[in-house]
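Here come two complexes built around chain A, the first alongside chain B, the second alongside chain C.
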Partner chain A sequence: MSKNTNNKTTKEKVHSATITGITAPYKTDLFTRIVSLSPTFLLLLLILPVLGGLVCVLLPAFSWVTALEQTTVSLQGFHDLWQTPGLTQMVALSIATGLLSTLLAFVMTLMILAAFFNSVWLNRIEHLLSPILVIPHAAAAIAVGFLIAPSGMFSRLISPWLSGWELAPDGMFPHDPYGISIILGLTLKELPFLLLMALGALAQPELGKKLRQQYKVALNLGYYPITAFFKAVLPVLYPFLRLPILAVLAYASASVEMPLILGPNTPPTLAVTIMQWFNDVDLNLRIKASAGALLQLALTGSLIALWLGSERAIKTCFNGTLLNGKRHYADALWQKITAALTTVVIGFILLALIGLLMWSVAGFWRFPAVLPEQLVLLHFQSAFTQMSTPLFNTITIGIVSTVFAIVLTLLCLEAEQLSQKPLSTFTSLIIYLPLLVPSIAFLFGLVWLQQLVNNQTAFFNVAFTHLLFVLPYVFLSLASSYRRLDPHFAHVAASLGATPAKVFLQVKLPQLFAPILIAIALGLAISFGQYLPTLLAGGGRIATITTEAVTLANGASRRTSAVYAIIQMALPLVGFILAWVLPKYFFKSGKNSSR
Partner chain B sequence: MQSSLQIKDLQLYRQGELLLSLDEQIAGGEILTIMGPSGSGKSSLLNWLTGILPNGFTATGEVWLNDKNVSHLPTHLRHIGVLYQDALLFSHLSVAGNIAFAMPQDNKNSAEKLNKKQRREKIEQALEQVGLAGMENRHPDNLSGGQQARVALLRTLLSAPKAILLDEPFSKLDTQLRVDTRQLVFEQIRTHKLPAIMVTHDYSDAEAAKGKVIHLDL
Partner chain C sequence: MKLSDTSEAVSRVLAEKSANNNDKGSVDLIWINGANFATMSENSLLLKQWANKLPNFALTDPENNPAVNFDFGVPTNGMEAPWGQAALTFYYDSLSTDKPPTTLNELVNWTAQNPGRFSYPKPPDFLGMSFLKYALVMLHENQDAKIGKNIKAQLNLPATEQNTDMVLAPLWAFLDDLHPTLWRKGEQFVQTGAHMRRLVDDTELSLAFTFSAPEVPAAVQRYDLPESIRSYAMSDGSLSNTHFVAIPYNASHPQAAQLVANFLMSPEAQAKKQTPDIWGDKTVLVLSTLNPEQQALFKDNKPHPSALPFDSIKRTVNEPHPSWVDAIMQGWQTRYGVSP
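For the complex of A and B:
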């Protein structure tokens, strides 16, 4: 679709590939031409659907909906929006949950990094928290919900000896009107993500080495460890965390799964309300929904702007503090607080998972008992009989979207190396685009576009939509490994007469076997956990494990939800186990075999 | 009070094998030179002195600084400055910022704290003394290797350390620069009467230090 319009840039790119790249025949081969087109293709693939989706929500917002035979621009949609009862509460809830959970996750991440920077605990915490990353938001919400429910794990642990409850009390949680449950769920999911992104940045050889040495210098100059981190390491590390933090903020303020499962119902967050309007039988509500989507866009945009503005403000305010020479800010106290909080967080997560596991095999489980009285496999068995179609859909959509994402990512990274120019900052920003724009804002428009292109296969639409969300994570995961490849291998191979395609397939890819497997596992995990894209792009016709899980969480028995949540977690786990095991048997490198 | 750095009965082990043993006292203004091939334990010695011995290494022995046992103190409380091969200037701070970062909050020589203006003046004076006048607001990455080395030296000295360790600090400088920077560093060490230990594999460094030289064998 884009190849014709890009002929000029294509030729330029090809030209530059021959001038600056590895020695190639006068007429560049097919491989190089495909590779040099890839970055443009990637950009278009990410920009067009998102922007197109936004445009297609813009028009209905102003009452331009040809399907409803309304072709006069009016502000009726916005008018209806303002009249919605409880609108301020919805907006306030979205803002509060989004901002507070991001802040909490960010601050905790910094504290953990600062307190354990030089110690072996950082590695251990990393290994403990990594699996949490692949738990889909829906499953995490279900697990947290069970933990804080009136008859959940917490109540059982302290009843009846501490609380005096013989029967499950009336409780606020999890659907409390202040959104505390939502904040809890979001923070527990986002904390490992931010921590792992920070550790990923520190794992870059140049940056990591430099920061660790400068940390040592600060210690030598008398700075206490936590202060040394904040004054010497953080200012340089923060820019690498900025985009992940903004992605977290965007998701938290516009997410649908978490508030659906953990949030209040009257009124829910803005995003949930918009979704309900879009799904309403009365099509006229679409106009109000589109207006709402724009409001959500403005909300998320303002939060992002607020965060960026605060960055500047803090930088100016604390400039003097950086240089005042003070080495010591009650570091010992903060160290202890952080250690305690980290234990609490990890304990929380473990308890939630254990609770989930127990619910899935629980027979009769009366209130104050901590362990179920009966253990049965009945729930798993009955779930499996109904699970075959969702399971099949989940796995196939995951494989299709991930494979496509991996291939495209590899080609783009190869293009970067062949042209010897790093990808522009613009490209790096666009890769984050599907994560920064609230999905509720552009997905409906995108779905409308997909229908317009007259594609009746829901499967293809869903896979394509999943691709938009899988691509950023796969790219981020592969980019650092790809860029760390020693270029000398490729040069030697080329001097021996290998074409770029041969170098790519026989020199670079084998070296990347383990990182590619990890990226595949990650992509699959992301696809398995998608809720809104599956629901909307499939028109409700495609059921996946996640869509079933969310539906069940709000209705059916706790035990069945627990089973589905566990399957949701087990699927990505299989992927990661394979990613860990396979490199030990195929394409072994000297380094891997010692693990 | 005569300043001194004392290494008491150090036995350094790598993977259980004895790597080196040392028992030395260095007076203020003196420079002890440690020489030896790679792998002989020179950097491990410095790591041990600053309290960051990595995994795989164990040691017995004590560090006494100005007649106080600092062996059980963590790095940031030992007040031992280190000059490394790389200047390792903080890239988020200017030249003046790097030096200000190192200055203590209280001025040890007088009863009042230095206010911002006085700190600024002290930094300017220090930069002039080493021939970097006017460079306060430059970004460290824009300086040449020799200039960075001098800023790193100022940063270490102005943190008022009680001893100073040099980890092959001149090996990245070309010959003439090496001679000049070395002269500067040694002068400052003698003026401030700091006990110093230098690790190097260059004989001319050892000669210029005019102190005791210890050879570590593998």
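For the complex of A and C:
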């Protein structure tokens, strides 16, 4: 983010001659007033629900629940929490799965970047992995489960000719007590995210150019490619990855879908347990659940602190190494390991997707057959007859929250240009707030707040809650394009007498057509994938494809859950294909100029 | 409105009560029984004295049929309209095992011979609790005869600090023996009955059970279970209960909800619901109260090979008092909730 602002200031310097006197004292009208208020609105929109939600979980944690006629402050909730059998294991499982999956995804991102930096393979890998980004966590977990189960694809491929298994063996995955399945699922899902974030940073013209030059210089100085990446590129690139990594860490340590579908249940992770307590018949468990939510908050907070601390430590330890002049560290071997690992990851994902497709059309498919006995469309047909309401909800909620997020983001970015001041670091951090605070910790409080304000329109509550998660991604996705916009067009239009509103609508937006579509597709994908916010804010009354998919995932039919997982993947994919195709037919020139 | 668990609706109504929403509730009708009903009725979250006034309630022969007036031993006081009945029935994969166990004692021997091929849903899952209750009742029937005491009678009374340990001790001894022979050595349990059914399809399990027998042939027709599945009832007894619909005290449309509840009890709706292709849930109506045309609605001509054979339930066992659910659940959680 700070790099962007640097970009901007340099640009401003370049263009300051043209800018002065033309746009600076713009005429205030309704549009500019709305625009200048929008950053404050954005801040309130993000801070109030998150902090409000946290406060409303704090009160019951100290046994203050008016509904249960408890209005005395006590530590009973925490006392009950400590007495929970297996609490240590739950916490350990949350920490281990959160930390290890983030670390693995991060290390693999670095390995892929280092091994394929400046190679055509980097783009190919990006293209292969980026569709994974839009696959909701639940669908990914379902696909991984199909692969690693005792009766899964791996086991079928070697049975009975090699293993001698006529019945599915007594296996360990998924639901293994060590959380390996969860780590596997989370890693596969977070790897493409981190990789794309890194590539996104590298796509910034000046930064990318600078890093590629440094890399070339290092190569010319005799550094081997991987070493050159770690010594010349990573130190500059890492700051751009920090927030995405922390978001991944926060998510992984508190997520619900993956551990629910792939994790153990004796005991489950802390986040899953908290969710079960909140939903339990015994209403007094609410107090314990709130105390648990605070523990989750502390857990995620400590993990983030641990990460930042290790970051410092590594920086101090390896500062000397950066400058020691050593040109290679078994580079050839690492190159091979990375290539092999990347192939395994991509192969794993492909096999999982093939398995998913086959289950969705499978008739009888007894273990250990590799292929189903018959292919039927029955599962799609019966799913479609029940799908209309969830599908309608998914799409309308997605559209409402995304449109709102896009409009607000555009207004904020326009405010930045009108005032010629970049958003403060504080604001930039706050945009990440809903991604950094574990949703399980603030959502329950938020739902309680929403109950007080309005409890009739569950649809609105869900769309609003989705907005909290859609907004950060839409903002990140649009910000760099908006800030890179060539200001000449706007200046010319303004000098011809166009009002700021006209410049915004008729000059800037058409140029941004392609990036806006991508942001819309991303926003929709994020909204489509939300599980916990939909479940809680909607009180179970708003069914979406994702809530259905999670409910079905541990249910009776692999076939039906495969169908739902495929629909879950198809929806965002349609969005991205449209975002990719439409600019080819509309505002062609706009697309070119924004490049 | 879809819930992954009825307890979510209970949470919802409570949240509304706490937000002082006393007449515009979001829930109009809940499908409920057992512990959820006990909780809601204790917290006065349900509308009272309406179900017994519905016209179709008479068709359940309430005078002679306590199953529609008591929910797990708790009087319903007109807060619930009966909707369906269920009995614990078992099913097995005939390609994996040809002699399924028909009593609780045989079950222990069977799992010893077929290690890893049986499991039960993790409490507090309703079906898992039902299996434990079935085991508890059977254990006392077998033991009481030997030691000449009637401990089983305690199961119809509330669980107290005095009787809990004595009544539950045989169950823990039984489970200590059983668990090492279960799926994943009893260190991990299936989540739900549906999960258990999927594992039967995966051939990980060879024996499973359900509270809704018609669900089994229906799953075979959907390819979700192999054709080699056969259903049967335990010869030593099948745990059985009734399920109901109830109206929250703050429902927005209580009149409409009563109309729906009355419709759900009509011979047409009940017959449709009992049709194997639709749902196959056993009716709560007593057929002798119906006229011949209405009775004809309930006939099934071609039973599916995987379906529970007609009148295979020889003996039904009543649900223990609902307070035992909590006692079993807590004891289970302390002993087995965290794998070593």
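Observations, loosely collected:
Definition applied: the second predicted complex is superposed on the first by the 561 of 595 C-alpha atoms of A that agree within 3 Å, B and C clash if a C-alpha of one lies under 4 Å from a C-alpha of the other, contacts with A are read in each partner's own complex, and residues count from 1 in each chain.
Basically, a contact is a pair of C-beta atoms (placed from the backbone, for glycine too) under 8 Å apart; a residue touches a chain by one contact, two chains touch by 3 or more.
The structure presented is a predicted model; accordingly, all values stated were derived computationally and were not measured.
Partners chain B and chain C fit side by side in the overlay (superposition on chain A). In the superposition on chain A, contact of A:P235 is made with chain B only, not with chain C. Rounded to the nearest 10, the superposed model shows the Cα centres of chain B and chain C diverging by 150 degrees about the centre of chain A. Contacts of A:T266 after superposition on the shared chain: chain C is touched, whereas chain B is not.
Touch criterion not met for A:V492: it reaches neither chain B nor chain C.
Touch criterion met: A:G222 reaches chain B, while chain C stays clear of it.
By the touch criterion defined above, A:L582 reaches neither chain B nor chain C. Here chain B and chain C are compared by how many residues of chain A each touches, and C touches more. In the superposed model, A:P85 makes contact with chain C only, not with chain B. In the superposed model, A:R559 lies in contact with chain C only, and not with chain B. When the two structures are aligned on the shared chain, A:K326 is found in touch with chain B, with no touch to chain C.
Of the two partner chains placed around the shared chain by superposition, chain C is the only one that A:R541 touches, whereas chain B remains out of contact.
Nowhere in the superposition do the C-alpha atoms of chain B and chain C come closer than 49 Å. Against chain C, the residues of chain A that register as touching in their complex are 65-68, 85-86, 89, 149-151, 167-168, 170-172, 175, 177, 264-267, 278-283, 362-367, 376, 378-379, 382, 447-448, 451-452, 455-456, 458, 535, 539-541, 543, 547-548, 551, 554-560. Across the complex, chain A meets chain B through its residues 118, 210, 213-214, 216-225, 228, 231-232, 235-236, 320, 322-327.
Of all the residues in chain B, the ones that touch chain A in their complex are 50, 52, 74-77, 79-82, 84, 86, 88, 90-93, 97, 100-105, 116, 119, 155-156, 159. Listed in rising order, the residues of chain C touching chain A in the complex are 1-5, 7-12, 14-19, 21, 24, 26, 35-36, 39, 43, 96, 115-117, 122, 124, 183-185, 187-189, 191-192, 194-195, 197-198, 201-204, 206, 219, 222-224, 226-227, 333-334, 336-339.
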